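Inspection log for the structure reproduced underneath, given as structure tokens.
Should a chain be cited, it is by its letter among A, B and C, assigned in written order, with residues numbered from 1 in that chain.
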Amino acid sequence: MTMVEKANAAAEHRFDHERLLDIEDLTVELPGVGARRPVLDAVRLRVDRGEVVGLVGESGSGKSTAAKAVLRMLPRGARIGGRVGVAGQEVLTLGPGDLRDLRARRVAMVHQDPRSSLNPVRRIGDFLTERLIHTLGRPKAQAYAEALRLLDAVGIVRPAERMRQFPHELSGGMLQRVVIAAALAGDPELLLADEATSALDVTTQAEILAILREHRTRRGLGLLFITHDLHLAAAYCDRVYVMYAGRVVEERTAGQLFEDPRHPYTAGLLACTPELGDPRPIRPIPGRPPSLDDAFPGCPFVARCPVAQTACETWRPVARELDGGGSVMCRRTDLDHPVEMVRA
Amino acid sequence: MPARALRITLGLLVTLLAASFVIFGAIYAAPGDPAAFLVGGQEDATPEKLAAVRAAYHLDDPLWVQYGDWIGGVLHGDLGRSMQYHDQVADLVSSRVPTTLFLVSYSAVLFVVAGVALGVLSAVRGGRVDGVVVAVTTLLASIPKFVKALALVAFLGVQWGWFPVTGAGEGFGDRLHHLTLPALSLALGELAVVSRVTRQSMLEQYAQDHVAVARAAGLSEFKVIRRHVLRNALAPVVTMCGLITASLFAGTVVVETAFGISGMGSLLVQAINTHDFPVTQAVLLLMVLAYMLVTTLVDLVHPLIDPRVRLEGSAA
Amino acid sequence: MTLLQAAVPSVATASPEPAKPKRTWPIPVRIAAGFLLLTAASAILAPLLAPYEPDAIDLNASLAPPDGAHVLGTDQSGRDLLSRVLHGAGPSLVAPLALLALASVIGIALGTLAAWHGGWVDAFVSRVTDVMFAFPGLLFVILIVSVFGDGLTTAVVALALAYSPVVAKYTRSIALAERAKPYIDAYRVQGMGGFAICVRRLVPNLAPSLIGYLVLMFGQVLMGMATLSYLGFGAQPPSSEWGLMVKEGQAALVRGALWPALVPGTAIALVVVAFNVVGVRISDRLGVRER
């Protein structure tokens, strides 16, 4: 077998749709900070190889915490229950060495603010090669060449020059490309993109989304795409999870979700954004996103829900399987099209 | 960057000029005839001697001219003549400078290494370890240098005989041996500040996002601390260590006296006791110079530690 | 000593924060405060407490180790160390108090003047304090001593001058904040003169912070004074000021007699530590801001 064939075989192997990330009943509580409800409450989430999965919610809904749990980057003292599996490995019980290995080789994360993600006193090159040299033990020259290639791949011109610069010498858009290049260094299997493009202008955002998609098709990269923009998620992802108050309230394929949202919250999110050719007025969701101080005896969305009934206030939310696949955590599955009710 | 360096150097020159003028002008602050003051004791102040001093110091010229002559001489390495030893002050001083420099450098190495190590320990371990470090270093800072010096002499020198209790030694190894206790007495009191600054600065860095990012990239905790926390915490630590090192020169006055080391500090005390004002002037001037050179150096080095300062400098 | 006794109770009454729940003092602070009171008492009662005259020479008992006759041993001249330390407490504490008082008068005056007047006065005072800060304090003191000759008075004045910029800088920073408060304008509108407002309203209102700050400084000041005496520039023989005692006891060290130097040295260290422990507590209570 030649090298090329070997590589192809490996690539094909990667493409079979096995589970890459498997989160089951993940519950995270922060006892120290006076929170009255769990940050995450029995979250189930799955990303297959080569799949782009969206995770959508307002700030404080727990989407970042869910992503951090995959790397076990939770606050000290957090009470954690459930399971987080990455390619069959149980993350929550890994030993320190295996955990570092997981962070170095398998899962990478891109954060929202690139400027605070980079050490301000180290050069761009240091940041890019750090993982390669210090955790994967590559020789310096090889790591340097790899970093150049990655910078080029994320569309940075004159990469050799950039490698010598400091973070404060680069623009925000350029830094985010650097951060993504660094995340792709060492060929991770899973990329957690936490609002990775939210701060960028539209053209840069589009380029970066294209780069990530390319990695997904070429290497079978699994992508958990965290955003507050449901429209973007629906357009870009294969499947979308919608989170509210630490729970996954709806999980569908992007098309289904966009066409026929089953949770009033999802419908509300869609109704928030103006659409071309839609004469109906913009309807913001009334009320404010719940904070950690708000505890709910029943459905957490009840106070803001247009279709809520008295029984919803005491209904303990459970995920209900939907006919076309996916699930929703709403008592009113009797409604055919909750979105119409929201818009009305 | 060059503009910043220029500004700093100019500031140094102005302060030095002011300090040297104060040191020179002090003879006029003394009660009575400046010539008599310069001669020292009253009893051997023969008219010829007074006249010689008056001529040597151009005491009949206006103050500015006198100062100009004096500072001009200093710049040419002429620090005047000692009234006591009837010797060139420059010769007297130059034989003692190396000892003092050795003592200060040795002490600086000790307090930087131990202080930063304790600070890192405090920051990383926290809790009880931090409490013990604070208690011990604060205690050490609350004991005057001369008391620490004599306690070290009493126990490590006299009682257990590990170190010589007097003199500066010959050759590097011997000198190291002789100057260990003096250097320790200078260094121990500074551990409190250095370890505090290191700890505080590191804790601030711990909270930075990029540290979490580095950890999320699978870096070991040791490397996270070394490459991100400690490296970024360095700037205030280096500044503080520089300022303390500069102030050690003044501390040698006490410690050299306590250990009978013939350096600049003990020379200053002798000169005051023998009313040898030219020597006093020269030593004070050199100590102030050393102090200011070190503090200026710290300012100049700062951009190398923190590249963000470099940017501000070029923008200015 | 009267100064010290006057200062400490007034601290407790001057505390402007009655809202805070009354907390008991931690045990180390109590021990330190108790020790300080004991030291103050022994300074006053030394003639009654000391078993010997402080300068009673007994050459037969030279460098005697501690025993029944001399609880802390004797020095080279056979003087009883316990008696000397007790008698030395007075000068060892009063000289730093006096110089701190002098430094605060100068410093508070300059700092208030700079903050109140602003403009060139502020610029001038700030520049002078900056230059003083650029100069190692001990060297400045030594320059003054070398010009005016040694002796306790010169040392006190020299140290006071060296410490006054520290007080001035702190006073200026808190006076600036206080000056901006509306009540000052109210007095001005009532026709009160600037000097009167400063002396009768502004500075008294700063007093809690200032006292807290000065208490924190006292340990430093005491060490500075003892150091000058140790160098021979402060208290002069036959005083039993502690710094001077250490200097006189040093010669005996190499002969194996540790007591003459270590007894007064320990006394200095204990008082400084106790003052720092109590000082941190008091300044915390008075809300002293870190510079």
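The rule is simple: a contact is a pair of C-beta atoms (placed from the backbone, for glycine too) under 8 Å apart; a residue touches a chain by one contact, two chains touch by 3 or more.
Keep in mind the model is a prediction, meaning the values are calculated, not measured.
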Maximum centroid distance from chain C, chain identifier (CA atoms): A
Pair of chains joined by the greatest number of C-beta pairs in contact: B-C
Chain A-chain B separation of Cα centroids, rounded to whole Å: 55
Length of the line joining the C-alpha centres of chain A and chain C, rounded to whole Å: 62
Whole-Å gap between the CA centroids of chain B and chain C: 24
Touching two or more other chains - residues of chain A: none
Footprint of chain B on chain A - complex, ascending: 71, 73, 100-105, 108-109, 111, 113, 116-122, 130-131, 134-135, 166, 168-169, 182
Chain C to chain B touching residues, read off their complex: 131, 134-139, 142-143, 145-148, 150, 219, 223, 226-227, 230-233, 243, 246, 250, 253-254, 256, 258, 261-262, 265-266, 268-269, 272-273, 276
Touch list for chain B against partner chain A, complex: 208-210, 212-220, 223, 227-228, 231-232, 305-308, 311
Chain C contact footprint on chain B (complex, rising order): 15, 18-19, 22-23, 26-27, 29-31, 37, 138-139, 142-147, 150-151, 153-154, 158-159, 165-166, 246-247, 249-251, 253-254, 257-258, 268-269, 271-273, 277, 280, 284, 287-288, 291-292, 295
